[in-house]
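Consider the two complexes below, in which chain A is the common component and chain B and chain C are the respective partners.
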Partner chain A sequence: MTLSAIGLSAMRSGRIILHPTSVEIEPGARIGLVGASGSGKSTLGHALIDALKAQGLQVAHVPQSPDEALDPLRSLAFHWHEAAQARGLADGAAHQRAIFSALKIDGGDLRKRPWGWSRGMQQRFVIAMALMGTPDLIVLDEPTSALDPVIAAATMNLLDRHLERTNTAMVLITHDLGLAARRVSHLMVMAAGRLVEEAETGKILNNPQTSEAKRLAAHRNWMEVPC
Partner chain B sequence: MLRVDHIWAKRGAAVALRNVSLSLSAGKTLAVVGESGAGKSTLIASILGLLRPSAGAITWDHQPVSSCRPALVMQEPRSAFNPVWPLMRAVREPVLGQEQSVTNERIARLCRGLELPMELLERRPREVSVGQVQRVGILRALIAAPPLILFDEPLSALDAVTQKHTARLIADMQQEEGFAALIVTHDLGYALAFADSIAVLKDGQIESISDPGSFVTNPGSSYCQALRDAAVALGSIEVAA
Partner chain C sequence: MMLTVVGFLVRAMVVLTGTALLTFALLWNAPGDPAQAIAIARFNAVPTQDVIDQVRAEAGLNASFWAAFLNWIGPLLLFDFGNSSVTGRPVGPDLWVAATYSFPLAITALAIGLAISLPLAILATRRPGGFMDRFAVAIASLGTAIPAFWLGLLLILLFAVQLAWLPAMGARTPTHAVLPALTLGLGIAASLTRIIRSGILEAWEQPFLAAFRHRGVSDRAIGRDHIGPHAAVPVVTVFGLELAFLLEGVVVVEVIFGRPGLGSFLTSAILARDFPHVQAVVLLTALVFVVVNLIIDVVYRVLDPRIGEPDA
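This part shows the complex of A and B:
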């Protein structure tokens, strides 16, 4: 079933921070939502999540900071149990063992509060919760910002495999077109609270039309190296 | 020249640096790459004299590093400034007591180089963009013309486009001012694009020191290879078709 949200918009302090925007997502689609800081990417992500949840759909969210997902007063075991219940799973124990091992957080003590784990481990814990069950969509907002590169790359590869196996749709929110380009087939470019360009990844990389897409494409990596 | 000579350092009971040696000549850039906990921040603290190594020596032209009054550019630009002071007050702090007209002239020149409108310095850190505050941080580091500047993850709080722009401005200012730059970063792409040499730090030890060309063609250890592969997987560097 195509996921569809029409006329998403948002205001803050009387100012429009997201102009009316419609999003359609095919099952299993991988979409990158890219733009500079403050362009409205996360706002659109939040609006999309709210709209789809209001339709009764299951949406998993990995916010930019684990602080947005984890209650500092609750143990990690509590969070895990709560997420499993929300997805209608008994306790998620089997998934927990496999995913914790794959994300290399199996050494963490779930009895601790979030701040008892490093930021990187917290972020991977939130990703593990998002991969529980079979949500209709996973929204990942800068999911590897707190991770070291080697672990970040392994985590993104794991996400790729999971999404492919479960045919789950993904929206990857990032300021880094280089990162998005390797992970998604379709890009949505935002600037000043508007969706300014939308096309297949290759098209935007090779032939960007708007000034924002041109800027992102021109700065998508530090350098090319020989293979 | 900065010389870090066989230093050992502890953080609490844990050994954070083990027999680390490296050198950095005037006007050159050394990037120190490694993951969280590798010892990068301990290395910076040791060079700045904030942490006394348990063994080994750190010198600038055979003198204690403090003699050259090195500057530091921090990772989180906004938290590097007093939130209630106008930025100008923080910028002037390292040169208090110097002739004001000379300082004004230097600020104006550095602002031009860093593409910062002068009037922006009258604002407080929260009133300008994070990319602009980081450039003000660089301006403050440059104001007293130190021969050595340490950059602790200077781009990690910035978005991808601003990162590349700021890196170019740092390199241009280095060309003009001639300072030695020690840049701690987890972004191998940045290191490869801008450093003269790259030191990889792992578990408190130097894994390798090489020039970017050699690193790309022959990363050496399996960890260095993993760093290179991760940089490709994350789109930081692209493999030519």
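This part shows the complex of A and C:
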């Protein structure tokens, strides 16, 4: 089933920060949402999540840093159990094992609190929680910018494989076109609260139409970074 | 762990010895003749010089400061508080009797304080800046501003004199404890409300809360499982300071309501220059402080294990 949200918009203190935008996502699609800081990427991401949730769909969100997703005073096991209950899932141990081994965090001690794990492991745990119960769409908001490049690449590889297996759609919000180029099939370019260009990744990289896309594509050196 | 325990014991010893030395020095150097004050308290009459000199010798006040101090602290190491200079009776049992009046009062007051402040603070923070919030802040500010001795008198006027529901003075029955406990408890409720309220408001600013709502965790569960523990850390910390207020309050309230607790014990001992009595109360107070602070240390290491970790 194609996920679609029509006429998404947002205002803050009387100013339009997201002009009406419609988004369609094929099942299992990989979409990159790129643009400069303040172009409305995250705003569109949140509006999209809210709209799809209102349709009764399961949408998971992974914020930039694990600090924005985990309570430092609670154990990781508590987080997992709480999230499972909130989604109305039984505490399926098999399901948990499958996700954990897909993300290679099955060796971690869940009795520890988040800060007992490395940041890369924490972020993988957050992604694992987002994958719980196989959502229709997972929205990742700069998921690897807090990680070092090698760990970020490994995390994205593991996530990629898991999404492929479960045919889950992904929206990757990033200002890092290098990351997007490797991970997504379609790019949506945002500028000043508007969706200015939308095409296959290769087309935008090689033949950008708008000035915003041209500016992003002009920085080719990101291609050398592993993630 | 072993190191923590030893460190704690060393610190406790330093605090207690320092407290003992300081109070002894203060009493020793207080203006006026202690022997005369003791003689007056003992015989309840103006004593002659012979009697005063005799009391001086009996109470060991002829010795030098250090000799007198060592003479007192030596037996204390074996938990012997010595004998009262006024009555000549051992201090220990009398101190215990006074404590059985004061500690239940203090604990009841704390319970009253918590029972009022916790619900009030939770209600207030439902809608920060709303009516309930402003009401709670106003009440709390008012409560902090009113001194215990004045509040105590007001309560006596209202409940003992006007309505005649409760007895005002003495400590014969449990109902005698209601007004003193209420006086102390309301003061504690006022300051705790402010602390708990700001603790909860601070906890709501934690960066991870939006993610929990996204995950579908109910506001109720977020409040109970995440806001609660985060708000508790500053509250527990300030609780130790609250204890100082409580001890000071107990002295004032016991004098107002004529209760024979540690406060009355201390004030009459100071007036009579009864060194062993004063010292015993001060040391007991210091001990309570040390123990409560130890408990607080342990509690917030349980709440937030990052505290006290060498590399967190």
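Definition applied: the second predicted complex is superposed on the first by the 180 of 227 C-alpha atoms of A that agree within 3 Å, B and C clash if a C-alpha of one lies under 4 Å from a C-alpha of the other, contacts with A are read in each partner's own complex, and residues count from 1 in each chain.
Going forward, contacts are C-beta pairs under 8 Å (C-beta built on N, C-alpha and C of every residue); 3 or more make two chains touch, one makes a residue touch a chain.
Everything numeric in this text was worked out from a predicted model, so none of it was measured.
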* Mind working out whether A:P149 is in touch with chain B, chain C, both or neither, as first, second, both or neither? => first
* Have a look at where A:A181 lands relative to chain B and chain C in the superposition and call it first, second, both or neither. => first
* Thinking of the overlay built on chain A, is A:S118 touched by chain B (first), by chain C (second), by both, or by neither? -> first
* Asked: Which partner does A:N157 reach: the first (chain B), the second (chain C), both, or neither?
  -> first
* **First (chain B), second (chain C), both or neither touched by A:L70** => second
* To do: Return first, second, both or neither, reflecting whether A:E82 touches chain B, chain C, both chains, or no partner chain.
  => second
* Asked: In the superposed model, does chain B or chain C contact more residues of chain A?
  -> B
* Structure fact -> Where chain B and chain C land on the same part of chain A: residues none
* Asked: Can you list the residues on chain B that touch chain A in the complex?
  -> 35-36, 129-131, 158-165, 186-190, 192-193, 216-217, 226-227, 229-231, 233-240
* Complex interface listing, chain A residues touching chain B -> 36-38, 118, 120, 144, 148-154, 156-157, 175-182, 215-216, 219-227
* **Parts of chain C lying in touch with chain A, wherever the complex brings them together** => 206-208, 210-212, 214-218, 221, 225-226, 229-230, 303-306, 312
* Contact residues on chain A for chain C in the complex? -> 49, 60-61, 63, 67-74, 78, 82-83, 86-87, 113, 115, 129
